[in-house]
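One chain, subunit A, links the two complexes that follow: it is found with subunit B in the first and with subunit C in the second.
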Partner chain A sequence: MSALRHEPAFVDRQSFIELGARERALTLFDEGTTRELAGPFDRIESPWLPLQGVTPQADDGCVVIKGTIGGRSTVVVALEGAFQGGSLGEVSGAKMTAALDLACLDAEKGQPTAAVLLLETGGVRLQEANLGLAAIAEIMASILTLRTHAPVITVIGGTVGCFGGMSLAAGLSSYIVMTREARLGLNGPEVIEQESGVDEFDSSDRALIWAINGGEQRHAMGLADALVDDDVQQITTAVRQFIVMGVPATHRSSQVALYRERIQALDATQQVSPQTLRETWGHSDGTGSTA
Partner chain B sequence: MSHYTGIRGAAWFRALTSGVAPLPGDPKSVLTADLPLGEGSARFLCVVPNPEARFPCARHGEVGLEEAYTLATRVREVLEQDKNSVKRPIVAIVDVKSQAYGRREETAAIFLAAAAAADAYGSARLAGHPVISLVVGHALSGGFLTHGYQANRILAFDDDGVMVHAMHKEAAARITRRSVEDLETLGKTIAPLSYNINEFAKLGLLHKLLHVNNPEHPSDEETGKVRAELLAAIDDARRGPRDLRVRLESPGALKTRQASLRVRALMESQWQEGPGPVRRD
Partner chain C sequence: METIEFDYPAKRQVSGRAHVGVVGSGDLEVLLEPVVGDSAHVFIRTSVDGFRDTWKAVLDRFFSKYDGAVSIQINDAGATPGSVQLRLEQAVEVSEP
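What follows is the complex of A and B.
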């Protein structure tokens, strides 16, 4: 109980990024309420990876845990960035879709269950190509259905980030929580460099990547609802807060006129300055999901 | 191969809408028209290449920022107009190269633009509009997620110029560290990897494969045939559920997506049980 402390605050904080998917999910819940569904001991693995000489994983890199957060029924679906880059295959995709659909059934029975998606993913798992893409389309459809009954909260902790098709899933969410270490975008820098050339995007330019895709930028331009430190406590608090806030009046992805006008106002003859977007999109009416 | 992207889309849009002028005021890359179809009318939408597009990375049939928000606007318009009336069918004619790969696009959050279009299509489906996707050419990756993959029913032509995939061959080969030849060989035995539409059909995601003799130059007769198939799909969609469960209940899915079905059955049985032992380290 000494009054003298020399350590900075981050010494005490528990890193979220350093945790694996299962631990990340568990830290969010009220103690003693958790239960994993389709867990590793149920052993539903990708049927497609072994056919290609790739070792599958017993949970297919997707952890589904049900319980309560702040006393409210919630399902958390966490992607494991360390397995195949968090990519969506048939099994991991089906787990996420089923979790969202079952939460929706709860709501229809009068007991709403919120969903929290911990997205660390490059998108489609290319070894399962078309089934990954189909799974993402189905995840998106299920988010659309659930989010009218209960909030769908996307947390991007980092450091894989959320890219590819799953960035659309994030875009459909009721709320997005990001750390400074997290990134959110449709096309990763390497993909843009490959498809459109190094002049379009130099994927070795780390500062450029974070200026565009980074959590701080996405929050400042009004596209993420909370910017948090890499701290379990802060992330848990943000998630609890959004569960309590419930379904927003208007989802960001439904505010078509607002964003269409913003795109029309851009000068497309040159690159768009991230700083300008902070000033023109951020703060006023773009900071939250509620219109 | 990709230089064909967009030619088929424009051709089928013209044929199915009998050459009427697309609704004015939009970027030239998005064609929209309302046409009588069966007893009512339907809204047709198509993304086509626009060499003069404002955004340089969206000039070859890619779905970019303007395309996505225009689609979202035109689909939401139908939702609004039909709020208190019969829900008009929406037909997405699909021939899209991909999403636009550009820095401008990333900076201005193309992920949200794409989500907004998918939101509009999905919301239309949930509101009771039959949403039909007609894949006449390429349906690639984020382009398809944005334009077409939220449909109740997906129809596709069965010829070699039609392709549904997560990524074009060269890039997919590079990322999975294979040669294009190896990828093609694997695709022969592993259906989800295949670039062939007949193999894709085995996944059970399609409502129906259609055959036309000349997919780049639709004849009157074949246009009539496709229109009849659209009507049948619309009718089927009106009678079916508004979610996407048909994709998992189809005969193809029962064979190919058994792992998905096992996951769902298991999670349904586990969902209502009480809390298990806490696992904290």
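What follows is the complex of A and C.
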């Protein structure tokens, strides 16, 4: 009897969601290869938050770590969802842009460097509105340049999810990895409810939100490439696989005609159900999805 | 947001530094770095105004045991005194493994 183990796998797994941004980033790397860029002791913090009476964070909620993953040069940029909802301000945006641009320079010098974005974010930081918007534009431009040289992999672990401007960055990346707990969407549920009313989207209805924005649905409708458990090992394995796979032949965001056709084919006179989208958009038909 | 500073006497030079915590609701970030000299300096920015006496009580207690010459920066998002104490002890543990 004593030799039998009855614990299900989730008892033994190491949770990714429970880790902070820096720990999440560090778990992905080969041991002893990491170096943090513009870390907390460099104190490159937001100059705008204290002016508005908001306590800043020494790394502005953006952790940049360079090293190797499976022996390949990689930079990981992790947003800290617990600090200001993982929002992008002037400094955190500049850190992400600079990291992507340095990876691009590496590639031009013959050392391809992949980028992994750990996105836990509501998008632009409202206290730095215009600077945050500009930062997102820069990030998107940098992703578009880098992704021709090396894969850009977005991981959405949860539970903040990835919304607002950063959902556009996720959409431009080469591969998206999500957990069931994660969400991906342009406008967050609260924003939709506030702007269009509770009849449009009830932001307190968690089952509804996850049926539309949740990782399982996003993967089933072909908008995410891998669905993994909240498990460090599974996420690391998925990231390694996508780094090895390299730049995809066609990025999902380049398939404009395909998605335009799909959206036009939807019958807007009646409510489209999440299940219908799974069946009609499902990812066995060359949407760029791989898992 | 309120800024609070304290100074305490120190007897010992330390070599390690530490960064622990996050500026998330009910939590705080502590940056502890060695300094040259015979005093420790604490610089606090807290989102909750009007608790200077409570901060002094927590730090008085911490420095009744700790004597390192350090600069401590605290970025606080409404942590309770107990959480502050634990984060300070964690910072010491990380800086002196």
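As a working rule, the second predicted complex is superposed on the first by the 282 of 291 C-alpha atoms of A that agree within 3 Å, B and C clash if a C-alpha of one lies under 4 Å from a C-alpha of the other, contacts with A are read in each partner's own complex, and residues count from 1 in each chain.
Here, a contact is a pair of C-beta atoms (placed from the backbone, for glycine too) under 8 Å apart; a residue touches a chain by one contact, two chains touch by 3 or more.
Everything quoted here is computed from the prediction, not taken from an experiment.
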Quiz item: Looking at the combined model built on subunit A, do subunit B and subunit C fit side by side or clash?
Solution: fit
Quiz item: After superposition on the shared chain, which partner residues are touched by A:187: those of subunit B (first), subunit C (second), both, or neither?
Solution: first
Quiz item: Given the touch rule stated above, what does A:245 touch, subunit B (first), subunit C (second), both, or neither?
Solution: neither
Exercise. Examine A:201 and indicate which partner it touches, taking first as subunit B and second as subunit C; both and neither are also allowed.
Key: first
Practice problem: Specify the partner with more touching residues on subunit A, choosing between subunit B and subunit C. | Solution: B
Quiz item: Does subunit B (first) or subunit C (second) touch A:20, or do both, or does neither?
Solution: second
Exercise. Considering only the touch criterion stated at the top, classify A:58 as touching first (subunit B), second (subunit C), both, or neither.
Key: second
Quiz item: How far apart, in whole Å, are the nearest Cα atoms of subunit B and subunit C in the superposition?
Solution: 9
Self-check item: Doubly contacted subunit A residues - partners subunit C and subunit B
Solution: none
Quiz item: What residues on subunit B touch subunit A, complex-wise?
Solution: 54-57, 65-66, 69-70, 72-73, 76, 99, 101-116, 118-120, 122-123, 125-126, 141-142, 144-146, 149-150, 164-167, 171-172, 174-176, 186, 189-194, 200, 203, 205, 243-244, 247-248, 257-260, 262-264, 266-268, 270-271, 273-276, 278-281
Quiz item: Which part of subunit A faces subunit B closely enough to touch in the complex?
Solution: 22-23, 26, 31-38, 42, 44, 46-48, 51-52, 64, 66-67, 90-91, 93-95, 98-99, 102, 124, 126-138, 140-142, 144-145, 164-165, 167-172, 184-187, 191-192, 194-196, 200-201, 212-213, 218, 221, 223, 251-257, 259-260, 262-264, 266, 268, 271-274, 277
Self-check item: Contact footprint of subunit C on subunit A as seen in their complex
Solution: 20, 39-41, 50, 53-58, 61, 80, 82-84
Quiz item: Residues of subunit C touching subunit A in their complex?
Solution: 1, 17, 19, 22-25, 27, 29, 31, 33, 45-47, 73, 75-77
